[in-house]
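In the part that follows, the structures are each spelled out as structure tokens.
Common to both upcoming complexes is chain A, partnered first by chain B, then by chain C.
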Partner chain A sequence: MFAVDLRPLLPALIVAVTALVVLLAQAFTPKGSRSPSMGLTATGLAGALLLSLTMAADARYGRGASTGGTYVADDFALFFHVLLIGLALMATLLSPAYYRENGGERGEYYTLMLFSLVGMLGLVSTTEMISMFVALEIMSVALYALAGTRRDQIESQESALKYFVTGAFASAFLLFGMALLYGLSGSTQLARVARGVAEAGPEQLPLAVLGCGMLIVGFGFKVASVPFHMWTPDVYEGAPTTVTALMAAGVKAAAFGGFLRVFLGSLSGRLPDGTYFSAEWIPALAALAAITMVIGNLGALAQSNLKRMLAFSSVAHAGYLMSGMVGQSEAAGQAVLFYLVAYGAVNMGTFGLLASLSKGGREPLSLQDVAGLGERRPALAAALTVFLISLTGVPISAGFVGKFYLFGAAVNAGYTSLAIVGVLMSVVSAFYYLRVVVAMYMREGEGEDAWAVPEASARLSLLVAVVVTLGLGVWPAPVLDLARAAALAL
Partner chain B sequence: MGASNYLLSLLLLLPLLGAVVIALSPRANVGLQKTLGMAFSLATFALSLLLVTGFQPVAEMQFVERYDWIPAYGISFHLGVDGLSLWLVILTTFLTPVALLGSWSSIEQRVKEFNVFMLLLEVGMLGVFFALDLFVFYIFWEAMLIPMYFLIGIWGHGRRIYAAVKFFLYTMAGSVLMLVAFLVLYKETGAVGFGLAELLRRPVDPALQFWLFLAFALAFAIKVPMFPFHTWLPDAHVEAPTAGSVILAGVLLKMGGYGFLRLAMPLFPQAALEMAPWIALLAVIGIIYGALVSLVQPDMKKLVAYSSVSHLGFVMLGVAAFSTTSVTGAVYQMLNHGISTGALFLMVGMLYDRRHTREISEFGGLKTVMPWFSALFLMVGLSSIAVPGFNGFVGEFLILVGSWRAFPGMVIAASLGVILAAAYILWMIQRVLYGEVTNPKNEKLADLSPRELAVLLPLVFLAVYMGIFSPQFTRTIEPSVAALVRDVRAAGAPAHNAAALPAAADAR
Partner chain C sequence: MTGSLVQHAVLLSVVLFTLGALGVFLRRNVITIFMCIELMLNAVNLAFVAFSRSLGTFDGQVLVFFVMTVAAAEAAVGLAIVIALHRHRDTLDVDAFNLLKW
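Let's look at the complex of A and B:
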């Protein structure tokens, strides 16, 4: 009983300790001197990243281990560890300049970000529903506060409040769904839940379906799928841009991680009558995916604010990801995981680029703001073009390979119509992404170049995003293989 | 074999390297960028000539290269050239330096980006012609859109942004359904990966063939463009800068016809043969419609743009008739169209550089002011209307003769297009070159500069050479076409022997 293997928890522990150290360091930093928060955060994250990579490389360092059967370091969890910590590291590198230009760097910003990361790591690693719920709340509560860190801005406050209220709503659904499944199976362990569902007789099946539906609603909120997406544009717009980047890239990945673990990992078992339980929720998921792709893309079409446009695009991408999930197989899991990497890098890059241009409390938010960027900032404009091309899903970019596998998974599961909706909506999306490219390259900028020159750390972060986006487009095989191994661990 | 084992990769890498080198060159040194662009495109052309010298006139794929790309899914970077693609490859490597030289002095802004995009476009086009794996094909097919989009949108005229976005969305909308068709094909045939040879070995259920063929045909019909999917073309052609129009008309439009021949017809033979009359009908409508619209254009560039709809109609008629003669003619006509229409766009661009207008009514009597220009314009015009002795004649003749057995009525209607072509081209030539100099602005126009002559003379030379020595080209085209026609006809026959199909596919 005492031989509890703590290794799976180590990366999250490092992140949590870093959070505390940053908080203390901030308190003891004399006024006026340079804050060490960013450096400490980056160091802690780099350490956690290194540890996760080491664990993933070799079973001796904890790969496949489990802490008391509730918290595991399987391939799936480690895949997400590397992705999420990497994204948080990129966000950290983007943050100092943004906060300097927009009202002071604060230590608690980094602390909150790190705590939210702890929640994300927990969400993808736990195999027990209560721990999962707690992890989700750790992630979310920190984000509610982060969304409101620009205290001088009413939009930021609105964003925080809105995120909190809808988030609490989503949590309630999730908890209710978990309670129903617990009632059915008598356990909160996902493995036992899976068995309970599989053994459910005809009279218990409605309970399982209802619980399952509640969970879909809860996760639907977190991944921003239609019709649970209403918070997304306001929250993405109001939150500080670096936080939006973390929400769009990291939170979506973590939420899909939990979603996959529960649904593909546990709620897909074979029922006594020979059919699979997944047949109960796959049609619903497919329908949600279809309307999410349609509404997300049509919504984005109508936006003039770049952050709102990207928010709707994030909704649309939840739809693409869900249509991959419909495939159920490990190929489907693989497609979703690969796309989360591609999408995470691209979104971190896009929002990060907007953030790193911000100067004196303003940031480029409209098409006029980016007009002429192609001539004024050739490198940045080229980077943004790469991101937008990847979001559209045009080769040679990670987004293309990702969509290819997502829709391939849908087609393989017999949902060809879903793939058709997806590709046609990608054409619609090309229209609004191209608008930005048109503004950058084909229109003249007005007045002086009013934007900041990104500092070295931000440039590094953007460079990583570009390299990942193009690299996965040209040579996707290694990450696809890792994603497959991770999906097989479910 | 040595270097020829890597020839196709080198042909892709060389312009790519050029693009990178130019991108890294100092922004201020415009002359260097132009020279580099020229040097790399010429080197690519020279290298591509090794394909011609090393090519054997047989049906098999040659210069084949294959590298694992995404091994777990059987996707490999599989390249090769046969009679269908050989000359289209040469056309691409030839037209790229021609287009660059043609816009040597008319592109003054963002020269660096211009050269980068032109070379990237070349990589994309070559990749499409080389690809023997559907995934690779699609990657290049779509990636090609991006540089073209920028070429139209940045260096185009008046409504360039509208035209660029329309071009991009139209082409993408067509090709995404083909992507879904790839995925369905992969699933239904149970093939390992997306290799063309592998897929050809696995016959597709006839009912499914229909839908898949439709998805492929839409992508290719938009690219050709076939009536009624042509509406993006006049906008894109007219607003694009000269170099863009040359490449667009010269190479990009060929990809539609090439796609039909390389993918859509061999993969779905039954559906293809079943739908052939409809394709032929649309092709003939395109021939007549394009010609009639050309006839009434007051703008020279629009006239040339619509004439492409008409000319490509001939190509598609040859493809639809699907006899060895007609398909050989179609492939040959693609080359001819690339040369004659490319030259026409260049010459219209040269007039535009001088007068900043392309209205036919603004000109007249140029024969006395610009004798060299007029002589070459006339020759290019004659090549375009397929006068015997010029390249166009060979292509159109082969198409019409080869299509007669399948669609006699359509051939008669198409012949009307030949007459109309003579009408609109000659009428334009008459109004622009002959008569008195009515507009005083035309009195002092300079004749062709040495650079412009250097651009045009090779094209005019080829137009004549290909008209006289056509067997040198058809000799290499025909074996591949004959094998293709034989296989598709065998597999597409209504009561074909299922066992014969794999054997036929292996023989290719």
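Let's look at the complex of A and C:
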């Protein structure tokens, strides 16, 4: 009998069903009362998180299972499942207060967020190019709409349009790369593509290299690496802050998940002449990583808007992550995965904190807006300080451990210059991150207190971010081990 | 015979893809830019079908169906965004959408 193992799909299915329930619950809520969208979303996500953790615990519960060879629940996929569902849960807890202050809380918001999460989960779990494309699009199309959820605000609409045009453009490149690899190998299965590339003769190699290049362009857009980063500052600034948090933390992680699976997992095989195929794209990736770190950090220096500054910082971090990827080994995969956890928690915390301070449609966006925070909201100021020092990469924070491993991986692969650029640029980054800390503690706030008091759910989410950031900085070993196991599964 | 047909089809798809990509950069009307992206996607479809024929496997043809479906979904969301933006600003010229920049 031909039986299909559907266990790997279960967490994504739970998330998708939750999305539909949230939508229906809204339709059946009587006029005048509020639909329990946030509660339902949080419950569904908690269930999916619990299930992913259970699956990761033992092979009996589906660890290592595969749905027809196209959708797997290996350690790599489950690592990302826990990370991505956790991040979505944090974003959900941060959302209600933000939307109450800024108007427009609707059930669709949660539904779209959940659909986007389904795409992210698919992107990191699939080992086949059709599913990978569909998953990427599920993630992206939901996000285009999410970026424009504040319909009254023209900035939000403009950011949705820019995200949509650049995102669709990038998808076309990704797809063309897939077409070339398919033409070369005759299959859309990544494992067969890997074999096809490894057996490619000299006359077919250009096709493989071109396909690879197109895929790098496509993924480069999604992870926001220079020169495909133009959309990032505009979209991060215009989108509602909680959506920006999800984009910066979740989408980046999922896109890197797909990037790693395709490139480290499939496109680094040994060619007939004994050289490795990865030698064809590693130098290009290293060059991209270097300019991404430089332009991201210099761009951030010039910003006065905090969301824009963090957007350029997100570009810079794509550079750090790519410089880790250049290492190609399991240690490199481990470094990237660990850093994605650290970076995800920190970014969710930073954007979430800005979102939960917004009051009456006004968000703290400039340095002047956070001046005096240290005196009037000491706990929040301390949390923001923790996030910013982690982004800089100061010891005892997760960012330091993460960067240490990333640059270590680059050095081991012989790209010492890349690590030097990374460290120098981290020093530059201290200037614009610490400028915010200085404004919080050293500058007097003007006029009256214009910040909201974050409610309990938002505080819980921020607390988790702080605990993860400091916890991984002080005791990184457990997550490093998990990241290593996940990287080995590639 | 089939070999050269496939080569021609792939060449045509590369030309169409390049035209679409250039259009995205050179055109200023949002709808036209969107049509250029559709052109790129359909160029890819052509490549998939051509490869599928030459290789004798059906994966490529199946993928084309998915691409068309996804492109339709994308068009629905994209056009909705364009309409929402048009309500704020009575133009479809991308140069007019310049609130967000440094």
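Here is the rule we go by: the second predicted complex is superposed on the first by the 488 of 490 C-alpha atoms of A that agree within 3 Å, B and C clash if a C-alpha of one lies under 4 Å from a C-alpha of the other, contacts with A are read in each partner's own complex, and residues count from 1 in each chain.
Convention: a contact is a pair of C-beta atoms (placed from the backbone, for glycine too) under 8 Å apart; a residue touches a chain by one contact, two chains touch by 3 or more.
Keep in mind the model is a prediction, meaning the values are calculated, not measured.
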Quiz item: Does the chain A-based superposition show chain B and chain C clashing or fitting?
Solution: fit
Quiz item: Touch check for A:427: first (chain B), second (chain C), both, or neither?
Solution: first
Exercise. Check whether A:130 is in contact with chain B, with chain C, with both or with neither, and answer first, second, both or neither.
Key: second
Quiz item: So, A:480: does it touch chain B (first), chain C (second), both, or neither?
Solution: first
Exercise. Scan A:187 for contacts with chain B and chain C and give back first, second, both or neither.
Key: second
Quiz item: Is A:154 touching the first partner chain B, the second partner chain C, both, or neither of them?
Solution: second
Quiz item: Counting only touches as set out at the top, which of chain B and chain C does A:259 meet: first, second, both, neither?
Solution: neither
Quiz item: Roughly how many degrees, to the nearest 10, is the angle at chain A when you join its Cα centre to the Cα centres of chain B and chain C?
Solution: 140
Quiz item: Thinking of the overlay built on chain A, is A:98 touched by chain B (first), by chain C (second), by both, or by neither?
Solution: neither
Quiz prompt | Which partner reaches more residues of chain A (counting touched residues only), chain B or chain C | solution = C
Practice problem: Applying the touch criterion given at the start, work out whether A:394 contacts chain B, chain C, both or neither, answering first, second, both or neither. | Solution: first
Quiz item: When the two complexes are placed on top of each other via chain A, what is the minimal CA separation of chain B and chain C in Å?
Solution: 25
Self-check item: Of all residues in chain C, those that touch chain A in their complex
Solution: 10, 13, 17, 20-21, 24, 30, 33-34, 37, 40-41, 43-44, 47-48, 50-51, 54-55, 57, 59-60, 62-63, 66-67, 70, 73-74, 77-78, 80-82, 84-85, 88-89, 97, 99-102
Quiz prompt | Of chain A, residues touching chain B in the complex | solution = 375, 378, 389, 394-396, 400, 404, 407-408, 411-412, 416, 419-420, 423-424, 426-427, 430-431, 434, 438, 441-443, 476-477, 480-481, 484
Quiz prompt | In the complex, chain B residues that touch chain A | solution = 27, 69-73, 110, 135, 138-140, 142-143, 145-146, 149-150, 153-154, 160-161, 164-165, 168-169, 172-173, 176-177, 179-180, 183-184, 186-187
Quiz item: chain C touches which residues of chain A in the complex?
Solution: 129-130, 133-134, 137, 141, 144-145, 148, 151, 154-155, 157-162, 164-165, 168-169, 171-172, 175-176, 178-180, 182-183, 186-188, 233-234, 237-238, 302-303, 308
